[in-house]
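The two complexes that follow have subunit A in common; it is paired with subunit B in the first and with subunit C in the second.
Entry: the complex of A and B
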């Protein structure tokens, strides 16, 4: 029925304008200050920076998953020729534009490892690895130079995809050449495949190898599910923030929020589904080298975090987001987005920190400051990118349909 | 879109045509359809409907249709599926026939969540599907509107409103004017067939439905017949590997090298040497063997609650296992003893009185050991009575022995009057 002829409202504010440099300055200052603060606390901790790296990895993971979620969202919209999402696609394009920054931040983990720091990944300590039969058999894969090479390859692939889709999308704004959309669609298929392979293996390397004895083939999907929850939550909040500041007020409508909310709901469920699928097979097989990962998380105080994830990352938002009213009313939707972002952070914390200490919950102020620091840089780069372009792909052939989009 | 029932009290039409069913109006766009629907709604009609090739957003409020109850039905069915399947797996696995598989608990959520999930979805899905049918009164094989050639466009690019003659305030002229004023490109009257028999389902179709339904009963008839007859053919084995399993049947003779399962003739494996099955360590000498160090225990083990319920349990178990020989009073004259005297059994020795000094002097642990392993002609009862119950019997024995030396002061004051 949609004829797709609707135009952007002539008075619509589609430029970030002064808001761009303003956000950039605040975010950059916050980021740098908090990172310095974290570094100082790390040095003062006197444990050869080990605790610092765990905190840093949590913050790094949070924003890396966000950027990867954005990368996937932006590419798959081309692949499936989605039109409803055109009005929000530029925002995710800016989020995936932070991947070069994330690569720079990953060097903070890789370079000390190359210099011989072994605090974060147990397998990088040869004395430990050769003492442990399972790990010693994996050293052909789990060794520092190969690890560093793989991380560089992942980022090369991600940055290449992000760069391609961001620049082409902006180029189309300027030239109005609709064949660009067709080319992006053709590239999106191999891009999504490359994304799936690299993200899956990156999940094995960055998070699963924290516990080098343990393995779970579904783990990459689990990380992906969490990343998508975080992306939709963040995207909805960014849209609301921009509209509050008078941008895109007539472009993004309740219908778009409703659809983003549906995706948020779907991925909350997908996350729970994957988390359970991983748990059930390990629970049923009951093999020690597989159960160890859960044993660390269900004995002692970590059990509370595990239960919190079950009820607060899954059951509570799932039940509440079931209703369309929750998704169409902005205040409730915003609440669950903020809620799920916090839960995604706790999820990553639950994945990473038991490796540091599975007997207590080793909370440290650095966990917060590292996340805020990396978040500051992330927001600064995204705001900088958005400040130079229109907030919507103005010449996208699907824009008309996106503006007219309605749920039935 | 709901399709209302066809008219009950049809108005007789002009010659040649059947009674009037209603009027049908065509509109060009969904927008015009919505505006016209609002007009018809505001005019107060109740038996009317809109027809469009696809769902039109905003048509429900324009027609004045209340939000459907279907989501609530689906939700309720989902909850019922969830609750029902929880009850099902609990009742089957943990209550009616508890069966431990691979050391997992009889009732465990991780193993059953797929079942709970699937039944929730199944019931919700079935309710959604058939709920739509029921709420829309489907299947409806025929509608008088189908007679209109123009109405064929309703599945392609036509948007229609029909008002039925059965509507209480239906007046043909007024209705046609209303629809035309609302922007209709065409308005036509729809008449039923003059022959009332053709308002019903055509005979051949009805016959086909009835015959199919009857044929559908044939398999059930065979099943019913099989239940009351017998045949000389061996039964069909649909799943031979389930009918003939690799297992040992009860009392099957097992020969070395001929066991269906293991070559040594056994069907289960003995525990690995040097290992103890979970929950069978029995390290506590006091509780399991009645020993404190090398001596018979003189106290009750900590596992035993010394209270009335344990005493009652001991009383009950004593009457089941001990009283047949020792007698309910413990003096040794139980029913078996009486019977032995009756038949003058030459081998029978009178059971020991538990009030004998040799017995009363024995520590708790030694009594426990006697119950477990027997003494002289008394067999051991460790296979029949579990540890806790054996200790409960010892506790009861102590009470029984004490009762033989009771003084008037032992009886509660209010019951003392009954003593003669």
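Entry: the complex of A and C
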């Protein structure tokens, strides 16, 4: 039990300083350029932008899940009164601060749908939907205006939570008022509930409904599990990047990396558990409406992607992250974080793209450029937010304990 | 700790814990309430013996099971008891890995409860086979008839999941108890106690080397037990979810069953520990704040269960499958709708009372809510099994269910087994993990005070 009296080292660099605008400029330029490039490629593809939207959705999903993971992490720390994590919490708060941006980016999908584009979601094509018995049953739920409304509601809830916890946390830095921490704790419980409901249904809407006949009640949990893997991987890499540039060098220690690594490991395991549960139950019952989704993913070259997820998203990192040495050594931990981010991207690609073309892997350069474009904007917004605040919640009542934290 | 005890020398504080906990098993006579409870528990255990005797000599026809509803009460009871047995491992393993030091006041008794609940659970499928003397056929073993278990059946997976769980829980419980058994041995005055606790303590002498190995072993067991928290009830959920029965086949079942199991397990821990801490003067060890945290975990897992009900019902509608839709409609408004609404009231609505501090601090209100949760979780399994089996696809295959006296007697009897074992446990084994508890006190970390 530590007493929690340790202070931030007086020479610690807790400001992003010049690094902020620097990263902001580079990321923004990269983002805009890649998005323009993607748009041009989309227009040149000559398929009424359909392929573009699939690529765009992959990139959008990758950063949306990251932001949602950050939102969950930032709120649940208050709920469970975690103190070990205080030194990294500001970084996830900045990541969830990108949710307004993600809402803006979601409009690129929603507005064309409202204008009658039907390429991305098959159910938005009424001729198709009414022709398919199962899909026609769902049109009360799966229709463009209601879909758009739901997406707006999800984002309203997420942005409200993110805004509340980010502003209060920063406010506490300035005033040192510990009652803010108590207030955040009280709000965190309903916030987590609202997060669970909206994220689950958003997963049903954004990803599950790509294949409108198909349904799986665990699907929201699957998306959540992947999002948490991505969040811990990204968070660890951000910490390392900042430390390399001389920020927070004395604040974030091997002990914190070890714990973040444990959570990364735990969520790799959890992802495997959920993925297995979903696959096994559908495979075993063998009902056509359900197996259709996996059928597309075990035929032809998609089978290799499916197997890659099993071995490379689960088995390989699971085995290697078991060891504490992997988690405590920066180089190996960084490797697995980068690895798992790539695997999370492949996981989303595997969820989204088979709908576009079952049979082949319809890889297109746009898949990469769209992700880089959206990623550029994501990083720019996060860097901009971080540039204006301290990199740690300096007046958080748990900071002392977090600084002293040691694994035993 | 109260301000009075803070002023004490750390050694006195440690000693007081030993005195308080060891007193429960060393005092010449337990409190009267213990005798009353033990008498009732023994009577219920007797009822179990009569029920099992009647069942074995007559056949499973003494139960209300019929061709349509073959699982009926025995499997309801099985799933109910396995669920109760989940708090123990969660508290011992997951909360240990999460460094939740408050767990040390209740982990021992929760682990004991887990083991007894799993014993009760194991009883039902074995009796339900109809020929329990053949139960050993479920264990793969070489035999002249070349009979081999059907590994493709989730019922077989249950055999392995539950026996693994029981074994690891037992090891964990016993390993954790060794230093405390040695304490009891060293304090023993009678020859019998010295010999019995001496054997159980496995020659523990408290050397640094023993402690080092003990702690490594405990950490490893905790890590091994963690996946078991998920696996056992996931496998139990597979019994239902791999099938095509409307209302059973939905992919959220594994995590939903795990949440429900932890929910019911915590409710049972609270039901037992709230009276026990008062009865045996353990209020300074099992503190109000610990009870408060457990109420919150009960609330959180209850909300997860409610969330799963919502997801399950939504997907049943969204699937567009008429049979799935009918299964859920039938649950809510069909002939057994009363069961569904008991379930919803007890599992979804009532736990929300734990949002209020008053309900997390008043012992009567805590036990009251938790009893409802236990009832609700039994009804959850009842609703899943009964409604789906009594109204499957073809109306010609529909059937109703009437429980018999022996259904009720066996269930009540299983509570007798559970309470008898639990009462014996608190009388003869140290019910608080003394060594672990002391290790979490501030005084145990005096050297670290300056960080």
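Note that the second predicted complex is superposed on the first by the 408 of 408 C-alpha atoms of A that agree within 3 Å, B and C clash if a C-alpha of one lies under 4 Å from a C-alpha of the other, contacts with A are read in each partner's own complex, and residues count from 1 in each chain.
Keep this in mind: a residue touches a chain if its C-beta (ideal position, glycine included) is under 8 Å from a C-beta of that chain, and two chains touch if they have at least 3 such contacts.
Everything quoted here is computed from the prediction, not taken from an experiment.
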Exercise. After the subunit A overlay, clash or fit between subunit B and subunit C?
Worked result: clash
For this session: Please determine whether it is subunit B or subunit C that touches the greater number of subunit A residues.
Result: C
For this session: State whether A:219 touches subunit B only (first), subunit C only (second), both chains, or neither.
Result: second
Exercise. For A:284, is the partner it touches subunit B (first), subunit C (second), both, or none of the two (neither)?
Worked result: both
For this session: Check whether A:44 is in contact with subunit B, with subunit C, with both or with neither, and answer first, second, both or neither.
Result: neither
For this session: Based on the superposed arrangement, let me know which partner A:6 touches: subunit B (first), subunit C (second), both, or neither?
Result: second
For this session: Could you look at A:137 and tell me whether it touches subunit B, subunit C, both or neither (first, second, both, neither)?
Result: second
For this session: Once the structures are superposed on A, label A:127 by its partner contacts, choosing first (subunit B), second (subunit C), both or neither.
Result: neither
For this session: Please work out whether A:115 is in contact with subunit B alone, subunit C alone, both, or neither, and reply first, second, both or neither.
Result: neither
Exercise. For A:200, is the partner it touches subunit B (first), subunit C (second), both, or none of the two (neither)?
Worked result: second
Problem set entry | Single subunit B stretch clashing with subunit C - from 98-106, 170-178 or 206-214 | 206-214
Exercise. Just which bits of subunit A does subunit B share with subunit C as contact spots?
Worked result: 1, 280, 284
Seminar exercise, completed: Residue positions on subunit A within touch of subunit C in the complex are 1-3, 5-6, 133-135, 137-138, 141, 193, 196-197, 200, 204, 213, 215-221, 269, 273-274, 277-278, 280-282, 284-285, 287, 289, 404
For this session: Would you tell me which residues of subunit B are touching subunit A in their complex?
Result: 30, 54-57, 102-104, 110-111, 113-114
For this session: In the complex, go through subunit C and note every residue touching subunit A.
Result: 101, 227, 230, 234, 238, 241-244, 249-255, 303, 307-308, 310-312, 314-315, 318-321, 440, 442, 445, 448-451
Exercise. Residues of subunit A touching subunit B in their complex?
Worked result: 1, 276, 279-280, 283-284, 286, 406-408
